[in-house]
Amino acid sequence: MIVYIARRMVTAVFMLLSIAFVTICLFFGASKDPARSMCGKPCPPETRAKVSAYMQTDQSVLWQYTEFVKGLFAGRTYGQGAQQVHCPAPCFGYSFPNRSDVTTLIAERLPVTLSLALGAAVLCLVVGIGLGALSAIRKGGVVDRFSTGFAMFGLSVPTFLVGLLVLQVFGFMLNALPYSGFVSFSESPADWAWHLIGPWMVLSFILAAGYIRVTRTQLLNELSADHLVAMTARGASNRQVNRHAVRGVMVPVAAMFALDVTALLGGSVIAEKVFSLHGLGDLLLSGVNESDLSIVVGVTLFSAFLIIVGNLIADLLMPLLDPRIRRV
Amino acid sequence: MSDPVLQIEDLCVSFTSGGVTADVVRDLSVSLDGGRTLAVVGESGSGKTITGRAIMRLLPRGASARGRIVVAGREMLSADERELRRARGREVAMVFQDSMSALSPYLDIGAHIAQALRLHDASVTRRAARARAVEMLDRVGIPEPADAVRRFPHEFSGGMRQRAVIAMALVNRPALLIADEPTTALDVTVQAQILALLRELQQEYGMAMLLISHDFGVVGSAADEVLVLYAGRQAEYGSLRDIFHRPAHPYTAGLRAATPRLDARLETGGRRTRLRAIPGAPTSLRDAGPGCAFAPRCGLADQVGERCLVEAPLPTARPTSEVGGLHLAACHLDRLPAPQEVAR
Amino acid sequence: MSAAEIRQAEGRGTPALRRFLRKRSGVAGLVMLVVPLVAGLCAPLLVWIEGQDPSTLHTDLLDPDGGRPLGAFGGVSADHWFGVVPVTGVDLFAQIVYGIRSSLFIAFGASILSIAFAAVLGTAIGYFGGWFGAVAGRLIDFMFGFPGLMFVIAIMAIVPEEMPRGLVLVLVLAFFGWTVPARIIGAQAGAVNARAFVEAARATGAPPWQIIRREMLPHLFGLVVVLFAMSLPGNVSVVAGLSFLGVGLRGDVPDLGKLLSDSLPWIYSGADVWYMLFPGAVVFLIVFGATLAGDALRDVLDVRTEDAA
Amino acid sequence: MSEPILEMTDVSKRYRTFGGFGRGRGGFLAVDGVSLHVERGEALGLVGESGSGKSTLARMANGLVVPTSGTVRTGGQDLARLGRRGLRRLRRNVAMVFQDPLASLNPRQTVRQTLENVFRAHGETTSTAELVTLLESVGLGAEYLGRFPHEASGGQLQRVAVARALALKPDLIIADEPTSALDVSVRAQILNLLADLQRDQGISFLHVSHDLAVIRLYSDRVAVMQRGRIVETGPSDEIFRSPRHPCTRALVEATPEAEPPPWPAGALRDADEACHDHDHVSPNDHPVVSRPEAGATEH
Amino acid sequence: NSQSSSQSAEPTKDKNATALESVPKGQTLHYLSRRANESFETANAQMVPTSRLRWVHRGLTSWQTFPDKDTVLVPDLATDTGTTDDGGKTWTFTLKEGLKFSDGSPITAQDVKYGIERSFAPMFQGGLGYHKTLLVGGADYDGPYDGKKLDSIEVVDDRKIVFRLARPFGNWPWIVSMPAFAPVPAAADTKPETYGERPVASGPYQVTSFRKGSQAVLERNPNWKADTDQVRLAGPDKIVLDMGLNNDTIVQRLIDDKGADKNAISNALISPSQFQRIESDPSISNRMANSPSGYFRYLAMNVKRPSLSDVRVRKAINYAINKAELQSVYGGPKFGGQITSTIMTPGIPGRTEYNLYDGGETGNVDKAKELLTEAGVSDLKLTLTYPTDVSAIEEKEAQSIKNSLARIGVKVELKGLDGDTWFELISSGDGDYDMTTNGWGADFPSGMSTIQPLFASSEIGDGGGNASKYSNPKVDAAIDAAVAEPDLGKAATMWAAIDKQIMEDAPIVPILVQRTQALAGSKIMNYFIPAYPPFANELVVGVGS
C-alpha cells in the first residue's frame, strides 16, 4: 500500500513537471512579447528592452523552464538590488501588471474557485447519485423519466446558456438571488452559501447529468448482480439490498469524479464569468486579456496541479471503496 | 412419517416479455424429505435454475410462478415479504453456481457470514457473529479460519469460496439447501471435495438438499432421488438406482449412453468406442409444440407415431426396485427397448 | 447478460438503422441536428432566397439612439426572417445560417479528428496491448492532467495571428478530445481482442490487418459512431463557450458563439432578447439534437461508454 | 516412423504483467520446462487441473503463445525461426477448435463469411460448392451458410468451428476443451465427429480437456499436467488403469463415476491433497479491476 | 521675467465656480471599478489628474474641469503652473508653504524629485512617460534604487524644483500634472513593490485598508488642508473602492440604484444595449453623464503602400466613407459620437472646424469614383486591419468601411487581430497592411498630444503611433516649432494650421468624435463629463442625502 501511494506520488510529480514543460514551451515560445503591455506610453524600443530584461522574458524557453521549476521549490527573484522583487516558494511566476507573485494571486482567488467547485461537486454528487439511484430503483417511474430527461438536458446545454438563464431568471427577474459577489466562508457561512447558490446550481446542473447516468446504469447492473440476489436469498430486505448496491456504484462514481475535477475547473471559468466571481478562471481570463503570460502559465499549471491532486486522491480513495484494488 | 421438507405441486413458471407469456417450467410436482438429496438434472435451459429460484421466490423480473411450493410447512408462493424474508436463509438457503459473483466484493468473508446470521437474529452481537463465522469456516474445512474471515472473496481460490458460500448458507441451519450447480466451475478434484462436504454436512444437520446439476456423474455420486427435466417438464423421477438401472424415459437413457465414462474402454476390451449421441439440440418449452418436447430427438417416437407429436405425455408410474419408492416417467411408451435400440 | 441476450445484442436481428428509426427520441434528435446542418450547408441558397447577405448593414432599421432594432421581435419582417442584429442592422438569419457553417465546421472537424485518432490509437492499444498499451495508457493519464478548458483558453490567447483560428480551434479541441474516447475504444478493443473469435481468426493464420479489419473493427464501429455523436455536442458547446469568453473565432466570419456573446448585453438590458433567442435556439437544437441522436444510437448499437473511463 | 507432427523441447512460458512504470514483478510461470511430442495420426490428450497451463501449452504449438524458452517444432519447422509470415503459413497446417463455440465465432459474420475468411487469410478464394462440401463433412446442410452464430445451436456452432478448422486440410488440430461448453447430449456428437476425423483423415490431435473420461475415450496417449509441468505421460489405457503420479491418481479417483455407491468422503480428501492445495490462488482468480491493458498473445 | 503658461481662461479661486454645486461634507462614496488591479501607485499609472488616484496624491499642477467650460490647468502643490525663462527648456516650480503628508512630515521638493525618479525604474514601467525622454539624461536613467540620481531634476531648496529638458517643450506644465509628479517620501519607500497599496498621502484621503484585487477603503487625511487645494472638494468622509467587478453588473447595479449603490460612481462602460433602457426612464437618464467630446476615431491609410501612395486615391476614400453608418454603429449621434472631418477634437485648444472632403454624411460615391478614375486606379484591393479584443465595435466598424468602399469598387479584405498583435503591426516601421482603424485620446489638452504622436515622422515604427506612416518634412518642422512654443495660446493656433495641413495630404479619414457615458447613483452630485478629458472628474463628486 505504501509502495502504491509512493508510486502514485512520484507519478504525480513527474506529470506536473512534464505538463509544466509543455506549458512553458508553448507559452514562452509563443510570438507574444509580455513586455509590450508593460512598457507604457510612449514606448520606445530601449524602454521595452529594459522592461523585457527586468521581467526576464528575454531569456530562452529552457531557461524559463528551469527557473520556473526552481521557483516552485526555492522561490525566484526578479531584478537586482532594491528593485528586486522576490517570489517565495512555491513560485508560480510573477505578474508585473499586478505587482504580485502569481502564487499570492492564486491564493487570493482560490477560496472562490474552491468554494464554487466543492459546493458544486457536493451538490452534483448528491443530486446525481440521489436521482440516479432513485431512477434505478424505480426504473421506468416518474422520477426515472424526469431524471433521464434532466440528464439529457444537462449533458447538452452549454454551461453559459444555463448560467445566463439562472442569472436572468433568479438574479434579474425574480431578484431572488444575488447576481454577483463573494462572501468568504469565515465571514458568514450563510452569506457565503447564499451568494454561491446560483453558480452551484449552474455547475451542478451540468455535471449532475453524468452522475445520474452512471449511477443509474451501474446501480441497475449492480441490482441484478448475483451477490445481491444472494443477499436477498439470505433474507435481506429490499432496503438493505439497495443500500448495499450503492457501494458498487461508488467506484465508477469516484473514477468519474476524478475526471470531473477538470470539468469543474473548466465550468467554473464560465460560471465565474457569468456571475462575476473572482476565482481562478477570472484570473486566467484577466491574464489572457492583459497578455500577462505569468498569470496564464501560473494559473494553468496550478489548475493542472489541482487536477493531479484530485486524481491522486481518487486513486488513493479507490482501494478504500473497492477491496479488489487493494492488492500489494 | 413426518411431512416432507419440500413439496412442490403443479409448479408453472412463465416469463412475460413484450406482451407474450411463455412457460419455462410446467406442471412440476415433487416432494423431498429431510436428510435426503434430490438431484435435478437436465440440459441447459431446461428450467433447473428457475425451479430452484421459484422455491425461494427469487425469480427474475418478468417471471411469475403458479402452483404450490411448501417449504417446512410454509407456503412460499403466497407468503408476504416479511414471511419470505424470514424463510429465506433460515429455512431454505441457497448455494450458487458462481461463487465469485455470489459474494459481494466489498465485504470480507467474515462479514458475509455474520450478515447471514444477524439478518435472522438481531440479538447476535457483531462480535459473536464473527466468532460464529470463524467456527463455520473451520467446519467447512478452511484452514486458519481466524485469518480467513478477514480476507475478501477475491483473495480466495474457487474451492475456498465455494466452501465459504456453503458455510454462509448453513450458518442458520436451514431445513432445505438448494445447491445450484455448486461444483460446475470447479476442478474435478475440488468438485469431489465439495460434494463430499455437502453430503457430510447434510447428514450432520439432517437437512434436505436440492442438488441442481447437468452432470450425470455428479448426480450418480451424490443423490438419493433424481428428477430429470427436459424443456421445463418433468421427464422422469425416481430413486438414483431406478434412474440409472431401469430408466423409463428415452431421454434419460440417451443421456446415460452419451456420457463418457472412465471405464468405457475396459468394458469394450480396449477398442475404440463411439458414444451413442442423442441427435439434435436441446429445445426449450417455448419452442416446443403441443406434443412431447423430446419427440423430435427421440429414436422411439416413430414407434409410437402421431401421438408423440400432438400430445404431451404425463408422468406415469413405472416399476421400481425400491420398497415404497416412486418412479415416474413422462413417455407414451410403457417400456423402453434394450439400450442398444434407444438411440438412432 | 445471458448468452441469449448477447446473441440478441450482437446479432443482426434487425438492421441498426431500422432499429434507430424506430426510436422516437433518436429520430427527433436527428431532425434537430440535420435541419440546422442542412441550413448551414445551403446557407448561400437560403440567404439568396431571403434576399439578403450576411454583411450589409441596415442602420436604417435601427433606433438611432443605441442601435436597437426597430419593430417587434428584434425586427422580424418578411425581408429579415429572424430580424436584424442590433447596432449594425445586419440580417440575423444570414448571420445564423452562415454561423452554423463555421461552428459546425469546427465542431465536426474537431470531432472527426479526435475520434479518428482515438479510434486508431484505441484499436492499436487493444490489438497490441502489452508495453504499447501501457505507454499509451500513461500518455492518456498525462493528458488527463491538463486543465482542458483553461488550457484551450490560454492557447487561444497566444495563437499567432498568421494561423487561421478556425483550424487552430479544430486542432486544439481535437487535441483535448481524443483522450477519453481513446481510452474507451482501447478498453473495448482490448476486450474484443481478448475474445475467443479473434484468437480463432489468429489461429487460422489471418494477417493482422484482416484481424483488425474483419474481426475487430465491426465490433468497434458502433462505439466509434456513438463516441463521435457524443463528442459533437460537447464541441459545439465549447466552441460557443470560447466565443462567449472572448477567445473564440475572430474577424468577420459569422459564428454562433460570437453572436451569442454579442447578444449578452442585449439580454442583460432587456433591450433585444430576440437577438439571443435565435442563435441560442439554434445552438440548443444542434447540441440537444446531437445528444438525443447519440443517446439513441448508443441504445441501438448497445454500446456501453460509462464504464471505461 | 516419420518425424512427429509436434515436438516441444523444454518449453517454458512466463507471463509478464504490465503496470506502473517498471516491469511486472517476475510475472507468472504458466508452463515450466515441458517436453512433449505428438506423432502423426496420433491423438494426444492433455489433462490437468484448472490453471495448470494446458491452454498455454497447446497455444504454443501454433505460435499463438510464444514460449519464453525452449523450442517448438511443428510439422518439422522450428517456430522460433519462422517469423511472422512463416507462422501464418504454418497455421494452414495446424488448426484450432476452441471451448465455447458461440464465443469463438464472430457474431457479426455469417457462417459463409467465417469460412471464407479462413481462405482469405491465405490469399485464396473458394466456391460455394466447396463450402457446402465442407459443411457436409461436419454434418451440416448448405442452409447454414447464411446463418449468423445466434441463429444456430451450440452443437451446430461447434460443428461450424470444426469445419473452419478443417477448411485448409490441416495435419494437426489443437482442440482446447472442445466440448466442455456443450450440453451432455450434444457433447457426444462432437466427440464422435472429432474421432471420425482422426480415423478417416489421419489428422493428428492435441486434445485438451479436464474431463478424464473424454480423454480416455478419444486419446491414444495422455499427458497429465500440474502447475506448469507434465507429471506423467503414457498410453491412455495404461495411465488410467494404473496411474503412477499421485496427482493423476487424485484426478482419476475424483472423476465421478456414473453409479458408485454413496461417496467415500474421508478417503477422497486425503488423496486430493497430493494434487490440489487450498492456498494456491492462481492469478486467474484475481478480477481485472485495473485499467484494461489486455495482453497480446502474438508479438 | 517669467512667462505664464496658463491658458486663455484664468483659473478661478472660487471652487464652486459656475455650474459646480457645493457638496456637503460627510457620507460614504462608493466606487465600483471594473479593474481588478486598482492601486495608488503613481510611478506607473496611466490615469488623468481628475481620477481617483488623486484622492490620495497631489501633483505639481492639476486640472480643473467645468460642465460648461474648457478644462484648465491649475497649480496643485506648486504655487503656479511653472515658469521658464529660456523658451521652454528649463522649468521652475515652487511648492506651497506648510504642506504635509499624511504621516505629518512636510512635503518637500526632494519628495517630488524622488517620486519622479521612481518612475524610471524598470519595475515601474507602464505609466505615462513623456517626461522620461524629455528630461536630460532620462533615457539612460534607471531609477533611484541603485543609488543614482537624475541630475536634470534639481532641488534648489525644500520648496523649489527645477527641471532641465533636452529640448524646449511648451506643454511641460501639463506634463507635471501627470501621476509620476506626485511626491513620495524616500524613507517610506522601503518596499517599492507594494508601496502603492498604502502610500503616504498628500491628497485629502489616505488608504486605511487595502485588499488587493477586491477592496480599498479611503478615509480623511487630517494633514490635508482645503485652502491649499483648489481642485479637490473632498466631500465624502469615506470612500470605498470595490475592484474587479463585472462591467455589465456594475451598469445593472447603477441602473437599479439600490442601497449603497445610490452613493456609487464607477468606471464601467455603458454598452449600446443599455441606452434604450436608460433613455426611456428619466430617473435613470438624469443620472447619466454624456461627454460632449471624446476619443478621435479615424481610418489610417498606409501611405507607404503603392496602392495608397497616390493622394487622389486617399481623397477618394475620404469621400467614399459612409460616416453616418459608422456613427450609427457607434450608437448614433446622441450616444455614439459626432461625425468629424478634423484631427483635433472639440475641447482641445485651437480646434477649428473645416471639411476638405465633404461628401455629406453618407459619402459622395460619384466624387470618389471620379477621383479614382483620375488617378487611373481600378480593381483596387486593400486590406483593413483592426483590433478585435477591445470591443466588438471595431469589427462592425470595419465591416461598414468595407461596404462603403465596395460602393466605389474597392475590395477590402478584413483582418481582425488581437490587440497586442495589431498594435505591434501598426507601430512597426514596415507593417504589412493597407488600412487600419484607430482611436486616439489625448493625454493632455493640446494639439501636440494628438498630432505629434500620430503624424510626426519620428513616430513611424519602434512603437510609435503613426499608423499612416505619414512623413512630411514640412509638417515635421511645423510640429517641432509648435511643440517648443511655450505660449500655449499661440501654440494652439499653430496646431490648428498643422491639422489642416496634414488633411491636405489625406493620410487618414477622420470619422467620429466618440462620446462616452457614465452612470452615477442617485445621491451623487457634480457628476458630469467635460469636453476634455472624456471622464467625469472624480475629485469633485459629492454625496447628497
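Letters A, B, C, D and E mark the chains in the order given here, with residues in each chain numbered from 1 onward.
Please note the rule applied: a residue touches a chain if its C-beta (ideal position, glycine included) is under 8 Å from a C-beta of that chain, and two chains touch if they have at least 3 such contacts.
Chains and their UniProt names: A, C = ABC transporter permease; B = ABC transporter ATP-binding protein; D = ATP-binding cassette domain-containing protein.
Only a predicted model underlies this, so the values are computations on that prediction, with no experimental measurement involved.
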item: Any chain in contact with chain B as well as chain C; value: A, D
item: Chain E and chain A - chains in contact with each; value: C
item: Selected pair, greater C-beta contact count between C-D and B-D; value: B-D
item: Centroid comparison with chain D (C-alpha atoms), farthest chain; value: E
item: CA centroid of chain C to CA centroid of chain D, Å; value: 48
item: Where chain A and chain C are represented by their mean Cα positions, the distance between them in whole Å; value: 23
item: Cα-centroid distance, chain D relative to chain E, in whole angstrom; value: 88
item: Cα-centroid distance, chain C relative to chain E, in whole angstrom; value: 46
item: Chain D, residues touching no fewer than two other chains; value: 21, 286-287
item: In chain E, residues with contacts to at least two other chains; value: 252, 389, 421
item: Touching two or more other chains - residues of chain A; value: 11, 32, 172, 273, 289, 291, 322, 324
item: Residue numbers on chain A that touch chain C, as the complex places them; value: 11, 15-16, 18-19, 23, 26-27, 30-32, 152-153, 155-161, 164, 168, 172, 213-214, 217-218, 252, 255-256, 259, 262-263, 265-267, 269-270, 273, 280-281, 284-285, 288-289, 291, 293, 296-297, 299-300, 303-304, 306-308, 311
item: Residues of chain D defined as touching chain C within the complex; value: 18-19, 21, 62, 64, 87-92, 94-96, 98-100, 102-109, 113, 117-118, 120-122, 148-151, 161, 164, 167-168, 174, 291-299
item: Chain A to chain E touching residues, read off their complex; value: 32-33, 36-48, 50-51, 53-54, 78-83, 85, 96-100, 104-105, 108-109, 172, 179-180, 273, 276, 278, 282, 286, 289, 291
item: Touch list for chain D against partner chain B, complex; value: 49-50, 153-156, 183-189, 191-192, 195, 199, 210-214, 216-217, 236-237, 240-241, 250-260, 262-263, 265, 268-269, 272, 275-276, 278-282, 285-287
item: Chain B - residues contacting chain D, complex; value: 43-44, 100, 105, 142-143, 154-160, 186-193, 195-197, 199-200, 214-218, 220-222, 240-241, 244-245, 254-256, 258-266, 270, 272-279, 281-282, 297
